[in-house]
Structures are given as C-alpha cells and as structure tokens.
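All chains are identified by letter, namely A, B and C, in their written order; residue positions are counted from 1 within each chain.
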Amino acid sequence: MTPLLQVRDVSHFYGARIGCSDVNFDLYPGEVMGIVGESGSGKSTLLNCLAGHLPPDTGEVVFDTRADGPTDTVTMSEPARRMLSRTDWAFVHQHARDGLRMSVSAGGNIGERLMAVGARRYGDIRAQATDWLGRVEIDESRIDDRPSAFSGGMQQRLQIARNLVTGPRLVFMDEPTGGLDVSVQARLLDLLRGLVREMGLSALIVTHDLAVVRLLADRLMVMKDGYVVESGLTDQVLDDPQHAYTQLLVSSVLQV
Amino acid sequence: MTDQAYNFAYLDEQTKRMIRRAILKGLAVPGYQVPFASREMPMPYGWGTGGVQVSAATLTPDDTLKVIDQGADDTTNAVSIRKFFERTAGVATTDETDKASVIQTRHRIPEMPLREDQILVYQVPIPEPLRFLEPRETETRKMHSLEEYGLMHVKLYEDVSQHGQIATSYAYPVRVSGRYVMDPSPIPKFDNPKLEMDAIQLFGAGREQRIYAVPPWTQVVSLDFEDYPFEASKADHACDLCGAGDSYLDEVITDDSGNRMFVCSDTDYCRSRRDDGHTGRLAGDAT
Amino acid sequence: MAMIDISGVSKSFTLHNQGGAVIGVMENASLSVAAGECVALAGASGAGKSTLMRMIYGNYLAGTGRIVVDGVDLVQAEPREILALRRETLGYVSQFLRVVPRVPTLQVVAEPLLALGVSADVAVARAAELLTRLRIPEALWSLSPTTFSGGEQQRVNIARGFVHDYPALLLDEPTASLDVKNRATVLALIREARSRGAAIVGIFHDAAARAELCDREIDVSAFAPQRAA
C-alpha cells in the first residue's frame, strides 16, 4: 500500500531558533495520527509546514495525489497546492472564525468549496449543505444563519462540515476541541470519530490534550523543542512511555 | 481654447503616457486590473477621478466628448466633468451618443449600440469584485492569478438563499474572455448584455488606483447558476415619455399622493425617440 | 502453527523522572497457544501477568524477543499492522472500559464490527444479541456506559470483546465483579469461543473458572528476572 503522506526530514527555522527539525513519518490511508507536545514544541509549526501554510526549510512532504501519484507538495506549483488544499485536503482551525467566513451564511460556508470546484447548480449546492448540516448535527433551519449567531461548538462543527463537503482524503486539525466546554468536546470527538470511519479519512491532529488523542488517534507522535522524541501506537505511547519527556507528560495529566 | 495654466486635458504628458500604458496593458489582458499611479484631481474621490484621468489620457483635440451620469447628460456630476474638459482640453462636447467619440459614464451604458470608432470610459468606485467576501488585497490578487473564483458564486448563493433569486441588480459580476472575473462598475444588470459591444470600454478607479478594459467584440459572461440563470431585468413598463419598451427606466415620484412615472434613464435616447415622433403614456404632460 | 507464539521476551521499565531507575519485570518469557486452546496466566499479584498480556496486545513495548500473533511480530510491527491485527484477529477484554463519553452502549458494543466494515444493521443486531445475553436491560442501551455500575461496565466490555469472532482473545479477569448468572454466561461465551477455534490467554483469579476453562496454566513467576544479590 502506498502511504497517503510521506514526510521526509522536514525542518523549519525561525531565524536561529528551531521551529521543527528532521521530522519523518508515513501516514497511510485511514490512519489518524496525533501530534502532542506543550506550547512551543513545534507541533503547530510542523502542521503548518505539512499543510502548505508555511514553507519548510528542508525536506519533502509527498502526497499521493489522485492524478499523478506521490508528489512533493513543497516543490509543486502554488496553484496545484492550493487546488489540493480545497479538494483532497482539509484544515480545521482551533478557532472556528479562522476557518469560517463569518459574514456568509452557514449554507454558503459549506457550499464554498463545492462552488470552488465548479458546482453551478444552486439546488444541488443547497441540498449538499443541508445534508452536511445534518451530519454535523446542526438543525437544518439554521442554514441561512450566519456563524456569528452560533455557539462555539456549533461553529466548530460547521467548520468541519465546510471542510469535509468535498470529500477530502487528508484532514489537518489544529487543536480541534480547544476552547470548548467538556461536554461539547465529547460530542465533537464522537462526531469526528464517526466521520473518520465513514469517509475513510486520514487525519493529523495537533493537540496538547492527551485524552483527545487517546480517543481519536491510532498513532501518536510526541514533540519537544522542535524534535520528535517518541512515536508509536497511541495506547502504547501513553501507557508505556519510553522517553523521559513523554513520561513526564503522561504523569502530569490530572486524574478525574 | 485651452486655459494657459493647464496642459491639454489637465494632466501632464508624462502622466498621460503612464495612464495610456496602463490602458494598453488592460486591453491586452481583458478584465485584469492594472495598477496605475492615480493623480490627485481637482474633484473629490467618488466624483469620477478615475474616469476623468482615463478620459484625459484618451482625448485628442479632434474628439467629441459626451458625459453621462446615470444615463443623463444634465446631472451635476456630468455637467461638471463636461465643463472641466471644455475648459482644460477645449474639445467639442455633445449630448448625442451618436456624435460622441469618447463617452465618459457613471452607472450606465447608452441604449444606442456603440460603434467601433467610439470609446466608453467608466467611472469605477470599487474595482475588486471579490472584495465583498475577501477583504485582503494580497489574497484577492492571488485568487485572480490562480482563477480561484468559487467565492464569486458564494455571493450569488447568498443572494438566492436570502431573496429566492439573484438579487444583485447592479455591479453584477462578469467573466471576461473566459478568464478574469470583473466588476462592470455599478451599471444595472440590464446593461450587462451590452458589455459585448463594438466600442472600446475602459474602466478607471481613481481612489483604488486601478484601470481595466474590455476590448471590442470580447466575450463577457454574467455569472449565474444553471438553475438560477442570469436575467437582464428592468421595470415592467414602457417609458411614459417616449413609449420605448426596451430601455432602462427611472421611476420618478410626481406628487405627494403616490403618483409616479417611468422615464428612460438615457435622456438622449428618450429625446431622440420623441424627436422621431414616438410618444408615451404621459407625453403631453411633460417636456 | 501456534496462533500466539512468544519467545525470549524481556521487559523493564525505565523511570526517567525518578532518577532513571530501571525496574526489570520479565526475562526470557516464552509461551505458545494453539487455536482452540485456552491458557491461564498464573502467579502472584505483581508477577507480571497483566504486563505480559499487555505486551501481547502491543500495549506495552517488549524489550527483546518475539511476540507473534497470527504471523505478525508485535515487537517489530508498524502501528498500522498492530491496528489491523487488533481489528481483525486479536481481541482484548480489559478490566476497564474506555469509551467516548455520550456514545450509546449499543454503539460502543457494535463498534468493533463497524470498524471491520460490517453493515450497521448487522453490527447493531449482533450487539443487541450479546447485550441481551449478558442481561443489560434494553432501557440502558441508548445510554452511555460511563454512567453504569462496575458490573454493568464489565459486561459491556465483554460484549464488545466478543462481538467479533476474534481468532485470538486476551481476557483480563473477565468474571470479576459478576454475579452467578452473568458469570455462567461469560464462561459459556469463552467456551464457545474456544470451541470455534479461538486461541485464548486469560488471567482468572476465579480458580473454579480457571479449572473449568483452561487447558494449561503458565506460571508467570518463572519469567521473573534473576535479581542480583
């Protein structure tokens, strides 16, 4: 099986300071990988390098494109990369307002990616938007409301619908449950798990919440000071951590 | 009779050259917004500083200029600009579309089809059709260069979802020559089909420092949905003065008891029809 | 060939945050379980029964040796190979239920089948059948098991572990905290699994259950490291 994403020696520097360094991994279709670490560990820098938001200083990010097979997205043309990011890729921001158009209705937010890839029948776009609102558990009657009238959890679910409507194969998520109430988090986690399974999505999830990765991620990568210090099966890394930092991280979680 | 204090058509020759270069580039890349170093003009922004600079760079001493605002030759803005060029360029002016070689317009395209020896200059307030949804200029430029125009349809989607139809009635976005999406300036969408014409069309945005153009015989398609196709709508009336059923109409309230009349917004068109003997519902009541 | 084959496995924990103390817990463990065989792990508390079981599941990392389940060496395998093994071949009933809050019990139990691509109605029907058999009242099926009593949670966990016919099963105290009737049901489930050919490794403090079910006992104390001194 060809990996969906092959990451080779990816580094990014902020001047002399290390953002992330020498990151390597393969992600296979249907796999969900968590990236954990504290603030400043380089996990968000890495995610942004992989998603094409930040140019890596070294390395390759090879994506298995539908048309041409494995292709380095770092060196591919910008139009091609932007096309990827609105078709086969999705990016879920921590703050929904970074990933939504707040002045556009919920339906318009969901429809944008469809229209960007050429959908020109209003009725079809509307039907798909309605369907997706249902899938992310937002009442259909809210389709013409603006996201500013939504709660934080609803905004986040709308962001997910907006991203998944074109059937992407790889989803980047930056702290998708950050800043949400615990009860809202659980609902979102359940939703994400269901969508990942139904759509066969691969996902990279950056978070500092170990409970989130335990429930969502098959694999885990632990970062510290820009380096990957440990990686493996999620439950193995959490239950039998090998690296000093991971042990500290796991033992620091408050028990409920 | 050019006033001695001014160069021909107010602007200095270097500036006119700079603007002509922008115009030529605009014609070479239809619909593309060419940045230009817009000058301070002796009128406020919003009064047609972009159109005036384009006209100034276009006019020659032999030209005949017509200026319209909302189709009319006799509104303040049109009169002021016409006088400005009479004084600074000494060119002949006219109200008659047929006799003009350069027509500067705000918000309308004349009803009478233009010829290939004519130039239509539009005053443009906001040249960027994507501005409504994407405020970042860096991003809109990238979207133009990469032909990422999905956002334009989001605007139309919002229209249909809120009003049951595409409610955008002016500044209706078009795609030029299958490439650039362009704001045709705030002309009514009734005028959109006329954008495919024999004359040269130049668009000047003074405050935003952009010039763009549509060469003659260029394909201009109004954006729409398959199930909500573009319609060039107008008030469902004939002109009450000249009886024309095919012209864009202004609605005029005539008294305090709610009576109203519909008249051609293109005053020259209306007058020439009446001169030819056409009459409308209220032809006897007004002149 | 044995379904589960373990040889030369050692395990130690390095506690980096406690002065780097290295605690050896297992050396040279070997064990082989054939299809249709049920083997009990025995030994005093702390002898390493759970540790060994967790290593077989890939939950703990073995230091050396080979742990081969259905041809896959868990010590060397990539995460996705271990996940595929867990999905298709290797079931595990732990003592603790870990689920996403608010997910209904019926869904929790059906999930291993859904992950295998079984259609939703078939998966839910099978889940319902097991929950009925394990005497979880139908009124509770639409609720999350996180609110259940210990015994109920244990039975949900068992239902989840038996919903798919795993060729290999790891059972950690499956009959603990169960009443007589439910204990009998669980023992029946295990017997059925064995007779359909599952290779089973279990930890049973329940001596009667152990005697009834198991073909052999392995004393894990034998794998204790030889302490110097």
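We take it that contacts are C-beta pairs under 8 Å (C-beta built on N, C-alpha and C of every residue); 3 or more make two chains touch, one makes a residue touch a chain.
On a predicted model such as this, the values are computed, not experimentally measured, just so you know.
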| item | value |
| --- | --- |
| From chain B, the most remote chain by mean C-alpha position | C |
| Chain centroid nearest the full-protein CA centroid | A |
| Chain A-chain B separation of Cα centroids, rounded to whole Å | 46 |
| Centre distance in Å when chain A and chain C are each reduced to the mean of their C-alpha atoms | 32 |
| Gap in Å, rounded to a whole number, between the CA centres of chain C and chain B | 77 |
| Residue ranges of chain A touching chain B (in the complex, touch as defined) | 78-79, 82, 86, 101, 103-105, 107-108, 111-117, 119-123, 125-126, 143-144 |
| Touching residues on chain C, where the partner in the complex is chain A | 13-17, 54, 58-61, 79-80, 82-83, 98, 100-103, 114-115 |
| Residue numbers on chain A that touch chain C, as the complex places them | 28, 31, 183, 186-187, 189-190, 193, 197, 214-215, 218-219, 232-233, 235-236, 239-240, 242-244, 247-248, 251 |
| For the chain B and chain A complex, residues of the former touching the latter | 133, 146, 148-151, 153-154, 157-158, 160-162, 225-228 |
